[in-house]
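Notes follow the structure.
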Amino acid sequence: MMHAVWLIPALPLAGFLILLATGRRLGDPNAGWLATTMMVGAFVVAVGVFFDLMGNPADGRVFQQNLFAWIPVGGLHVDVGFLVDPLSVTMALFVTGVGALIHLYSIGYMHGDERYPKFFVYLNLFAFSMLMLVLSSSFLVTFLGWEGVGACSYFLVAFWFERPTAATAGKKAFVTNRIGDFGFMLAMFLIFTTFGSLNYTDVLGRAGELPHVTATAIALLLFVGAVGKSAQLPLYVWLPDAMEGPTPVSALIHAATMVTAGVFLMVRVNPILDLAPGALTLIATIGALTAFFAATIACAQNDIKKVLAYSTVSQLGYMFLAVGSGAYVAAIFHMVTHAFFKALLFLGAGSVIHGMHDEQNMKKMGGLRKLLPITSGTFIVGWLAIAGVPPFAGFWSKDEILVNAYEKNHLLWFIGLVTALLTAYYMSRQVFLVFYGDQRWKVAADGKSPREAEAKPEHEPAAVKSASPAGHDPAADHGAHGDFKPHESPPAMAYPLVVLAVLAAIGGILRSPLERWLEPVVGERVHHVVSGAGTKVGLGVVTTAGALIGIAIAYSIYLRHRAKESSVEPLVLQRAWYADDIVRTVVEAPSRALANFSAFFVDAKVIDGTVNGIGALVRAGGGRLRRVQTGFVRNYALAVAVGAVAALAYAVARTT
Amino acid sequence: MSVPGAWYLGLGAMLFTIGAVGLLVRRNVLVMFMCVELMLNAVNLTFVTFARMLNDIGGQVVVFFVLVVAAAEVVVGLAIIVSIFRRRTEATADDVSLLRG
Amino acid sequence: MSETLPMLTLLVVIPVIGAAVVACLPRDDERLLRMVGATFAVVELLLTVALMFDFKAGEGGFQFVSQHVWIRSFGISWKLGVDGISLFLIVLTGVLFPLVIIGPEVHKDVKGYVAWMLLLETGCIGVFLALDLFLFFLFWELVLVPMYFLIGGWGYDRRIYATLKFFLYTMVGSALMLVGILTLVFLHQRATGNLTFDVVTLATDQSIASSTARWLFLAFAASFAIKVPMFPLHTWLPDAHTEAPTGGSVILAGIMLKLGTYGFLRFGLYLFPKAAFSFAPLFLTLGVIGIVYGAIVATMQRDLKRLVAYSSVAHLGFIVLGIFGLSQQGLEGGVLQMVNHGLSTGALFFLVGMIYERRHTRQIAELGGLQRVAPLFAGVFMLVMLSSIGLPGLNGFVGEFLVLIGTFVTRRWWAVVATTGVILAAVYLLWAYQRVFHGRPEGANADFPEMSWRERMLMAPLVALIVLLGVYPRPVLERISPSVRDLVAHVEQHSDFRQPAVAAGAAK
Amino acid sequence: MDWAVFVVAAVAVLVGALGVVLSSHPVHSALMLVMTLFGVAVLFIAQQAHFLAAVQVIVYAGAIVVLFLFVIMLLGVDRSENLAREPLKGQRPIALLAGVAVVASIFVLARHAWVSGATAVAGPADGPGSNVEKLADSLFTRYLLMFEMTSVLLVIAVVGAVVLARHSPSGGVRGAEGAE
Amino acid sequence: MIAQVEPIALPNVEWSQMAPELILIVGALVLLVAGTFRKDRRMATGACIFTVAVGAAAMVSAWGLWQDVGGGAGGARLAVADALVIDGFGVFLTITICSAVILGALLAHGYLVREGLESPSFYVLMLLSASGGVIMAKANDLILIFLGLEILSISLYVLAGYHQRREQSREAAIKYFVLGSFSSAFFLYGIALTYGATGSTNLGFIAAFLGTQTVTQGVLLGGFAFLLVGLGFKVAAVPFHMWTPDVYQGSPTPVTGFMAAAAKAAGFAAMLRIFYSAFGTQQLDWKPMVWVLAVLSMVVGSVLAVVQTDVKRMLAYSSISHAGYVLIGLQAASNRGIAGSLFYLLAYTFLIVGSFATVAIVARKGDNRTGLDAFRGLARERPLLAFAFTVFLLAQAGVPFTSGFLAKFYVISAAVESRSYAIAIIAMLASVVAAYFYLRLIVVMYLAEGQVMAGLTAPGVTDVRPVGEPEGAGGVAVATVVEPKVDIPVGAAIAIGVAVVFTIGVGLVPQPFIDFARHAMLLRL
């Protein structure tokens, strides 16, 4: 089975190619089913590979498969090949697993979209890229996947490109990611220069030879890449905007898989990181700060997806905190649980949006619990998981991270703790606003602002445009504005929610198996928690308490209305610390001015002006000389005479 | 005794220059042409003087040819002058300046 | 092979025969004219492909060499030969010319267009094949003439200005180069008593003083730098590209810019290894400036074609970087990138031309939302653009990556700055794409027709090659490798330069 | 004696030359030219070039100057010219400067010697035999080809004059042929 | 009393060695005589054919001489009392000048018929003028050179004014004449000084004498200067060039073509022979002067051509810059340099006659439409003519596979060989400037169909005076007036065809011509 590993990415690739060629003919929903089948197939193969690998002894769980030489140039030899080890298989499993679920969900969600097949084209391409990323045997092929997922993210965020915001968000995502890629590329260059190879086995196997400075440099450069991809400070700005994409995209790419690629990369190169303690500290700090920073913003967002987006940023921060603390397993563990519950939350949110006819403003929701039973039930599971309430999955992973952070640095731990509190708070706020309280949408439906109606055209498709028997009858369900009533989603969307909810609930059990399983990868180098059991339990209690406090505060404000909502949603947080404005004025405006200056002054005036100036000079010179040619024969004779004098003068000079 | 050749040659140089300057400063084409004759005479004088100084008859022969050339030039030149200034009241070189630039 | 069939001479001669034949055909029958022209171009293409297959992959030296004395008293020969460096440029030439002859709309005088194109093909092939400096210079100058007429005759509003600028600018460079060539040849003669323009002989000999060689190198470099074009000698390019007809732009960008970089490789490095090495920092710097500056200026362009033109400045900067990085990877990446840029920028110009045919404007501001009405068109554009951005899996990445990694090995900091070009490329191209294709189509844009079958056929080979070279560049790379290895060895032999072990592959 | 002849002739030459340039009336210029020509003829004689002196007087004074006068009359341009007027700016000063420069340069160049130590090539100018004889001898030996070529020159003069006169309404140019 | 009259021992006159010039002269005389008997139109055609035949005969006889001298300096010899030198160099230029005669005569016929000027005298003058040029090329004596120069020039003065009804033609004649005689005087004074300094006018003696001298005398240097003035004038080198544009523009166009080719060839023949051969030992003295002349000619000629709007005038300036290139060959003062100059002159002869042939045709009746406007859209009306002109222009611009390119290549290689790098670079840059106006003309023919040529008109060009006005029919408002169709006479067509074939042929197969020029060595005296 191990040799079939190439099938894992190949199946989505095949799906992509088939859909590219015949997608339009397959249409809605067959294209979706095809894509989903491919993903399921990939998942099955991944499971097979997993068991195969399990069969090996712990230290023999490495398998490398080379397909063909991709770039063989001099000392640089890069194969397209796969490295099968516990880490990559874990990643592959959850990418294909979660991916398959989201594919399935999308069949329903995207139903009725005019570019339905194309969506799955992109989705499959994304899955392929992501699998290349995680399974690759070399940095360069990882980079191939890395860039591939970035491009797919771009396509999918800008899927509804008619909306300027979507198009802009897609571009922003790509460009910001590219800034990170800059670091990744430099890291590869440095690795090649140092090791003469880009293969993981070569490089990581010889990591011990690295001088400290080089190790730090490589670690930091790779981290720059991770910061871009995983939306850490300061390159996180693209992720909230990326919510312009269809919700399954947000779930798959911007919550579960792509954004965790940075974490994966960090874990992948852990032997190098271990040689660079300074870099680790920086990573941990950035992670903690990001977690806290994003959490604060999430507290004041009204857009249901924006909250989740900032939450994702925040949770990714946790993962980097874990990485920075040397707790690689914890990072992966949190990545997995986060994938479960965040995908769940996103899909749930999508279901809500779907049910609310493209309404994303939580302030216009409320009391949906009864109307969307499956959605609300599963969403609540996700909420408890992310809030860190035991025994849900999120508690375990977050707890482990915080324990490790405590080991590393108390301050970082404290930030993490506060963030946990905030997390519980803003998620509770979301749940209360959406599923509890008054049914504010009854009012909102009539007064739906024209601007928003404008901004969201015929998209978020299934809700408005569906006319298929598989879905729901729009006339019956939606009718006129007057009898607007939110509704539950179709089964294709509901099943994945249920599955994910189960995983989010029980994901915590993976904790110790995962630790053992990943040991060959992170090896003995893994940080063993030195604190005693007492401390650990104590920390767990504190964390739980924090979560509960957060929930309580949210409860008192948003359900009991003990405080004015606006007072806890300051503008500065609503505007996300004005980050976008700062970027616009500090980065964008000067760059644009510089570009304008270069293009229209330096290039057009100075450089081209010089060129044209020389031409003009010749002509002007000609014009002046021309005036000497007066047409008077005596002038001409004078020229001859002067020429003769000059020649004579030379002769005179020559004799003296 | 006999005047040194240098004197003759100096005279020739001056004559040549007067002719050249004359051509430059006079506007009447005929006078300009006379100035060319002055220059040719200066050359003739120079040749003859050199012939004496070098004791070489060649210089004198050359003068003979120059005379012929001068005659031919005069014939053609005056014909051209006549053809262009036939209808004009002045034979002014400056009037002929249609072509320029 | 080379003895029985003068393959390379045929390559040079076939297009010019084609041009002559076309010139004799009646003016009115456009189909016939194109058919005949295309036939010659396709025959040429087949020959180049045959050449590629016959090419012995493991050998670094010149193959298929044919040599005939031409001007005895100057030691000038008709000497042609191909090696790994020129091979794929030849093939690229073979690929692009049939496309520009069949492809774009030609609004007047098809006969002239086809004939000039074929003549241009001869010139381009000649430059790539010539192994005699004089012959090289002849072809180098020859390409100017057809291009001059193509831009001037079939171009847009400011074509006269653009074509004159193009011609004169290039001539300035050639002027210096000719003096350089002659100086080299005569100094060589003085040293060895052998008057020859043969590149191989001159390169092997290396008898001239290194201070002189530096001057000579600069004389050559001036010409190449203009052709590339390198900052700050680039301003002819946007004008020429923008005003040229689609076919002209494709060839200009796809092939003629490569003449400059090819010149650096074949003549700069080969003839003056030591000087090239000593001037490497200068050219690396200019290359890096070109990358960054070209990208920045491209960002602000309002004309789509101009934008693509400036993107060429940036891309060519990468190639220059690779060349003067002087490592195996960099050089090989540079050579590959020449081909890549030819494909992707050529394709971009085709696409922009199609937009112009439909909308009669190239102003980005007047376009918008095209993806909605012409998704396939947009898709192809996207693919080509991503290739241009350097997305892994497409051809652009392989070259760019090799260039950067190769340069990093030898000239770290230049590579670091150059890598920012990767970011900038995404900025200007995506922004342009967004403005042209995203959003909602208004007015005339709403009636933007989808790609016709003919256009699809036109783009198909380019798209296929873009993907193929991105996924499986190995057949190309392994043909380039030996020649590049020899070139690096040549530079090492004649200068203080030593390639780091990792690049050469000795470390393994 | 020699000096006296030289000085007188030289003065005649220079005065005549200046007269040509400075006379406002073309007829006066022509007459001044005659004076120069005679002066030169005298200087020829002073240097044993008797034959040339004769030819000088006959051809130059007798034919060429007459021709000049003829044309002046023919064109009816025998009017005084205002010499003070010079329409071309800078022409005169530069011309004078150039003239001075030419004379000065020649003198400077010749300050050591006008002639080199070269010996006679075409045959000695003195010695036995008359000037005419020696001239003729040279003319028909060493300078034979040149002598023949002068005939071509004269043919051209004839043809040229005819061509130029052909389209003219008046037959004034006929006189040009008579000059031969 | 009477000294015994010894018979003068006439020197041996080697008639066969003078065959080309004799053929030309005799041909001219025959034509002159014949012309007095027959004066009808048929005569005009006959005269043209006869002239071509004479030119061809002269050329053939020159080729015979080439065989004699053994294609090199080896068989070179002196003739007619050392007045003539028969060497490859002279023969080469004789052939060049004969080519100019043939092409010029072919070209002239149609023109003369069109302008109503048919008369054999035109051809007579042309042949005589050519004979002067040939004599200059072969002369071994300064005086003979002077005589040849005068024969050439005086004929040309008349030819320049041949189109009597055109005021420009008359003006060209008087300007050419005044300046020509002025510069002749300088030349003659130069001969005098040289004579004084060396004791002879015979180049062989001069060279022999100078070979014994270590220091150049002042007087001799003055002689160099004056000789250079005279010859520089003849070849139209800056600053002695100022007559060129006016005379070229004013002269009847076929005369311009002939003059540009033959006079330049003859002038250079004399210049190269005098300086390289006779004054060869004094290279260091005259090379700087030639250097300056060359650079000035190239630069000023090119730059001034850029701002011209009259094609004839533009070509005139371009011919000035061409003179600069030929001077490079002299400046190199090497065998390769001389060969380069010769090659250049040969190539240039065909180019320039071809170019002026086109101009003569396009100028239409009245010979006035020579402005850029007259060429607008020529490619559509007369594609072949436009193509031919394009070939000439591109060749002059130095585009590969043409004779013009090789010519430039040749002289510049000579400069580089003699390490005159600066002049080589200046020459190449000047050629770029020059390319501008050639290209501009091509643009007008092909590209600018009725459109205003934005960015082409130079600031200094806006005040264009209508040159062709007086004859009526307005050469200015061409855009509105319906142009008479351009007629291409047979003779001109042949001339242009030959020139095109030559231009491209030399570009493709240069070896025979390079050998020709290379073997056409001067007899180093």
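When the chains are written out, they are named A, B, C, D and E in that same order, and each has its own residue count from 1.
In the analysis below, a contact is a pair of C-beta atoms (placed from the backbone, for glycine too) under 8 Å apart; a residue touches a chain by one contact, two chains touch by 3 or more.
Worth saying up front: this structure is predicted, and the values here are computed from it rather than measured.
Greatest Cα centroid separation from chain E: this falls to A.
Counting C-beta pairs in contact, the chain pair with the highest total is B-D.
Greatest Cα centroid separation from chain C: this falls to D. Averaging the CA coordinates per chain and comparing them to the mean over all protein CA atoms picks out C as nearest. Computed from the mean C-alpha positions, the centre of chain D lies at a distance of 29 Å from the centre of chain E.
Separating the centre of chain B from that of chain C, both taken as means of CA atoms, is a distance of 65 Å. For the pair chain A and chain C, the distance between mean C-alpha positions equals 37 Å. In terms of their C-alpha centroids, the spacing between chain C and chain D amounts to 69 Å.
Contacts with at least two other chains are made by residues 143, 147, 150, 154, 157-158, 161, 164, 173-175, 178, 182, 196, 199-200, 217-218, 221-222, 245-246, 436 of chain E.
Residue positions of chain C touching 2 or more other chains: 168. Annotation for chain D: residues 88, 91, 95, 98-99, 102, 105-106, 108-110, 114-115, 118-122, 137, 142-143, 146, 150, 153, 156-157, 160, 164, 167-168 touch two or more other chains.
Listed by label, the pairs of touching chains are A-B, A-C, A-D, A-E, B-D, B-E, C-E, D-E. Of all residues in chain B, only 20, 23-25, 27, 32, 93-94, 96-101 touch chain A in the complex they form. Here chain A touches chain D in the complex through residues 630, 632, 634-635, 638, 641-642, 644-645, 648-649, 651-652, 655-656, going by the rule given at the top.
On chain D, the positions that touch chain A within their shared complex are 88, 91, 94-95, 98-99, 101-102, 105-106, 108-109.
Within the complex formed with chain D, the chain E residues making contact are 3, 8-11, 13, 18, 25, 28-29, 32, 80-84, 119, 121-122, 124-125, 128-129, 131-132, 135, 141, 143-144, 147-148, 150-151, 154-155, 157-158, 161-162, 164-165, 173, 196-200, 202, 205, 209, 213, 217-222. Contact residues of chain D toward chain B in the complex are 2-3, 6, 10, 13-14, 17-18, 20-21, 23, 26, 29-30, 33, 36-37, 40, 43-44, 46-49, 51-52, 55-56, 59-60, 63-64, 67-68, 71-72, 74-77, 79, 81, 86-88, 91-92, 95-96, 98-100, 102-103, 106-107, 110, 114-115, 118-126, 131, 134-135, 137-139, 142-143, 146-147, 150, 153-154, 156-158, 160-161, 164-165, 167-168, 170, 172-173, 176-177, 179-180.
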